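Read through the structures below before going on.
Note that chain A is present in both complexes that follow, paired respectively with chain B and with chain C.
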Partner chain A sequence: MASNHLTGVGSESKQLATWYFTFAAIIFGAQLVFGVVAAIQYVMPGFLFEIVDFSVARMIHINALVVWMVFAMFGAVYWLLPDETGIETVGIKIGKLLFWVFAAAIVVVVLVYLLVQVGPATESTIWLIHEGREYIEAPRWADFGIVVVALGFVFNLFATGMKGKQTGIITVLMADMLAFAGLYLAGMFFTDNISVDQFWWWWVIHLWVEATWEVYVGSLAAYGLITMIGAHRKTVEMWLWIEVAMLFGSGILGLGHHYFWIGTPEYWWEIGALFSALEPLPLVAMFIHVLYDWGKTQGAETEKGNPASVIKNKPAFTWFVLNAFGNFLGAGIWGFFHTLPQVNLYTHGTQFTSAHGHLAFFGAYATILIGMMYLAVQGTNGIKVLKSTKSSLAATWMITGGVMGMGIALTIAGYVQVLVSRAQMGATWAGYFDGQSGMWFSQAMDWRLFMGVITLIGFVFLAKDLLSIGKATHHER
Partner chain B sequence: MAKRSVWSDNRFWQRSAAWVTGFASILLIWLTFDTSAQISMGTDADLQNGVTKRVPAPTVINYKITYEMDTTRGHEVPVIGEKEMFFGRDDWSEEEAAELLHLGKLGSQAKNCMNCHTLLGNGAYYAPDLTKAWLDPAWGPEGSLQSMTGKNTKEEAMAEFLQHPSQYPTHARMMPDLGITADEAQGLVAFLKHMSSIDTNGFPRNFGKIKGAVHGK
Partner chain C sequence: MLAPINESVMITEIALDDFLPIFISSSLVLVFGAVYAIVFTFVKVGALKPWLMPFGYLGWVLTAYCLYLMGSLMHVGEFTQKALIVTMIGYLFLPHAIYYMVDKVHQENEH
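What follows is the complex of A and B.
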């Protein structure tokens, strides 16, 4: 069973994983399309005005982001469960049913976003249309659906983990996914007090993306290293535990860097600054870990007189390495740029945040989840060594280059805002528009649109590649 | 034979991870209790007795709010001053003010403000930050936004703009018509006024204090 990852055929859990990956890829495409719409609106404000306004395009852009990642994350767990535990996933029937419930709910939610858009200032809008809270806009009815689906998923994970072999990776995932699902509850209430609102809202957003999701990525990277290059489990899992300690040790209280200016007390300045400044450390560790294990495994093979590459899935491994570096760069470096309160006083709420958001979500999560999709293609087609195609390379270069380009353009735009709107003009309405009309700002927005389109074209190559690479003849079968 | 070091022992690191996570979580929960107490909404009595709350009572709409440098804290803080008319009244009762704020906060979510604007600096970056919008000189007596709407008070000008935003374009990038009713607009303005009275530790710095150094304006 240990090498079962090469033959996903016949495992119901892996079949379910491919459903999750497929739906995730479709939503990923939607995310990029609406991202381009929003980017066009920065350059041509009249584009789709009062038809699909920026607020609608952007809501779908960031909601689709969260949803496709959650789908791919669930899928990745269903993919690795049989390999890790050595048994078929428990409760797979429920898993399949919940997949359809989840997918149908998402389709309804997105259609309502697009067709209804806004409602009157009543509770029923919050329940039926959207909650108007960035990232977790999903209406309350869908919140309950999401909780049910997440609980079903966590149940399957726990039941399988306890019945089969409970490896270190599975243990970490069990604890992590329970926290991941539980934290969603912190975002499911309405209050008139906007400070209280944003306090708990960050519990969901921050403790997801800067704590539980990062630990999840650590587990996936560990699984990938074992399956793709044959790294030693003992070493990989020891690193995983060290990463968990570092990630949670810095990330949980790093939450404080969102509490500088929302009405919360001053002591969050010190707590937030200290712990969030430590957040890049585990990301450096994860990057070194991936490269070190790769070099070590390859070196050991070469020593044995076997110079062939140890990598059993070239495109997937490429995305895993991009993840290790992108996580460090996008989440670590770009996050650290503006995490100290002295700096954040001026950068908070500018395109700086947006630059960090693009680079971090891509570097830390999109990359590794795309890598998992390639692992699934390899498994379902029973391929021993999966090699890249021209499309794999085009997709990798265009998506990575496009997102990097957007990140740099948005960073420049952020600088203009910080200097003009904030430092010079004191953040008023007039100051805001003085910054927006600056030449550097508008050129940055042109570049962002161009790079966004490159990313979207890269996605087309990616989709084509995921659908066709399994049939290519140059792999070792 | 030398004993194996604890530093390469998975159990050691597993336990370390559990302890670190547990300790950080407990600290966070403890701080959450402290913060929650500090950011709970004040009462009308607090306002009348001059008790400063980080998030004042909804009846703060009956008072004049300014944003002034606090030399002890080294940054600006909202200062609640004399009584001030708000939509022609300065005697909004606790229930009325709370109801108005409730309508406004609901409206801010229902109209999806946060996916163009930032509120307390969080949201999207397509439109100005609303944290201290109530204190923006442009909405004041000689401000361009107030005169644009032809209204005589800040709150009426803001409410008029919110109901017909695309009639008052300030830039090529306009606010779309979101079907905001007169009542909802009143609630939203109350919500904005209340938000401007929240103690945000000096964010945004220098708000409304700089007349402008760009293009010699």
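What follows is the complex of A and C.
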């Protein structure tokens, strides 16, 4: 049955979305726990030694990051499909079956990471334990499972999009999710040349996070602005097309900034420099987009003599605004810091990269996906205007402050590495250790741990809020 | 010290004292760039007074200066220099172009 975001009850697609969001939230929690374990190991290297070594904790931390975001992304699409197309998702039973297949596969993969950890470095390791490619380390059997799940998801999206109403948001999502799923194939085959392997691996990671995922975020922002503040669809969708053009225009060849030092031809320096310099522009455009629609819609209502806020879901809108700001800050500023080859020669592989990774993944993706979870809470509880609670505010401040704090601490650590390990000691083995043993680096790692714990506490508030905010009595129903 | 790379893109090594100004100026490129975009948009939608518009353009001037400073300290090659100049000129017009398109669509829907 057709539905809208305020009446999610009764839609099987929206029910499936809540399953995806729930599993995503659990994996999000696991990501933070193993992040804190890895952060402790920087401060106390013997912590969980030979039980959960740093390599294992880090692997789970960054793979869980990707997995929870993919789950939340699938969930968000299942949530908005009935609203956008005006019909129930086609093939929803397949979608539900594939959810359980996907979730079960992830549980098995994580258990293998934890209990088996390493293999004999033969072909069987790639098939059964993990592939050793950062962020997408799932063993090959799981790769094939993920492909099947992704195909089912793309089928649901395309079949529904073609049968129902084809809005601009759905059209963009159909093209984008096909590319999103297809790019995963580039990370599935094995080559015995590390440069060739990295060349293709970056197709998955870069073209996900700086092209297809950003376009996906643009689509979600468009949907959010329409549902939360009543922004005009035609305006919002025109923005979306501009963003798509800008994101793909700069993001695809921005891939060059990952090809500076992996053995690829040197013309990538200039291609990477040029298109990387352009990459912040769409993020500025997305920022203006949110401000424009918010300002115009609120202004129009005020002119009509209705000064009340136009925002129908305060916590979700807060996370959407944080997304516009965080995307610009984490992906834009922290990316631009070290994107030109002249300076990337010194910063590459230092904690600068880690700082950028933390701020960009959080700012560009975690924020808007958390916002979508709040939209789902509003819909499943039939709330007209969802207002924040103390837990919403605590979660927002602690998670945002914690990630910002980690980003700053890691930036300081990275700066020490740039000066000591790279500029002074020339990227030597001794330089690597000298850089890590200095006071500034050590203290930065202490602060990173502290801020990581703050983030984890913030997550506890978030989980509590998502489970309880729908029952609060101060909302407009 | 890192071994010199004799390519057109990487002309000179970065001096030790220049790293901090490079990181700060590259951050400020985007901060001032955002100030320009935000002030311009807010003045246009009526959320800020029109007399504040020059501060928006001041943001663009500071963006251009910070980008020049960053590029100089990094010793960027000739191609990158040209790319950065074109980017800055393009950025001066970008908020105008985006606002024009959005506003036209808005008007079409209101009238």
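Note that in this section the second predicted complex is superposed on the first by the 474 of 477 C-alpha atoms of A that agree within 3 Å, B and C clash if a C-alpha of one lies under 4 Å from a C-alpha of the other, contacts with A are read in each partner's own complex, and residues count from 1 in each chain.
Assume contacts are C-beta pairs under 8 Å (C-beta built on N, C-alpha and C of every residue); 3 or more make two chains touch, one makes a residue touch a chain.
This one's a predicted model, so the numbers in the text were calculated from it and none came from an experiment.
In the superposition on chain A, contact of A:E266 is made with both chain B and chain C.
Contacts of A:Y415 after superposition on the shared chain: chain C is touched, whereas chain B is not. After overlaying the two complexes on the shared chain, residue contacts for A:A430 are found with chain B alone; chain C is out of touch. When the two structures are aligned on the shared chain, A:W208 is found in touch with neither chain B nor chain C. In the superposition on chain A, contact is made by A:L345 with both chain B and chain C. Once the two complexes are overlaid on the shared chain, A:M238 sits against chain B and chain C alike. Contact with chain B, but none with chain C, is seen for A:T122 once the two complexes are overlaid on the shared chain.
Contacts of A:F362 after superposition on the shared chain: neither chain B nor chain C is touched.
Greater residue coverage of chain A by touch, when chain B is weighed against chain C, goes to B. Once chain A of one complex is fitted onto chain A of the other, the partner contacts of A:Y184 are absent, as it touches neither chain B nor chain C. Residues 234, 238, 242, 266, 269, 345-346, 422, 424, 426-427 of chain A touch chain B in one complex and chain C in the other. Against chain A, the residues of chain B that register as touching in their complex are 8-10, 13-14, 16-17, 20-21, 24-25, 27-28, 31-32, 34-36, 38-41, 54-55, 58, 73, 98, 101-116, 118-129, 131-133, 136-138, 144-145, 166, 170-174, 176-179, 181, 184, 187-188, 191, 195, 198-210, 212-215. Against chain B, in their complex, chain A makes its touches with residues 38, 41-42, 45-46, 49-50, 53-56, 58-59, 117-123, 125-126, 129-134, 137, 168, 171, 190-199, 234, 237-238, 241-242, 244-245, 248-249, 252-253, 255, 258-269, 271, 345-346, 348-351, 353-354, 417, 420, 422, 424-434, 436-437.
Note for the complex: chain A touches chain C at residues 232, 234-235, 238-239, 242, 266, 269-270, 273-274, 277-278, 280-281, 284-285, 287-288, 291-292, 295-296, 299, 328, 332-333, 336-337, 340-343, 345-346, 415, 418-419, 422-424, 426-427.
On the side of chain C, the complex with chain A involves touching residues 1-3, 5, 7, 9-10, 14, 16, 19-20, 22-23, 26-27, 29-31, 33-34, 37-38, 41-42, 45-47, 74-77, 79-80, 83-84, 87, 91, 94-95, 98-99, 101-102, 105-106, 108-109.
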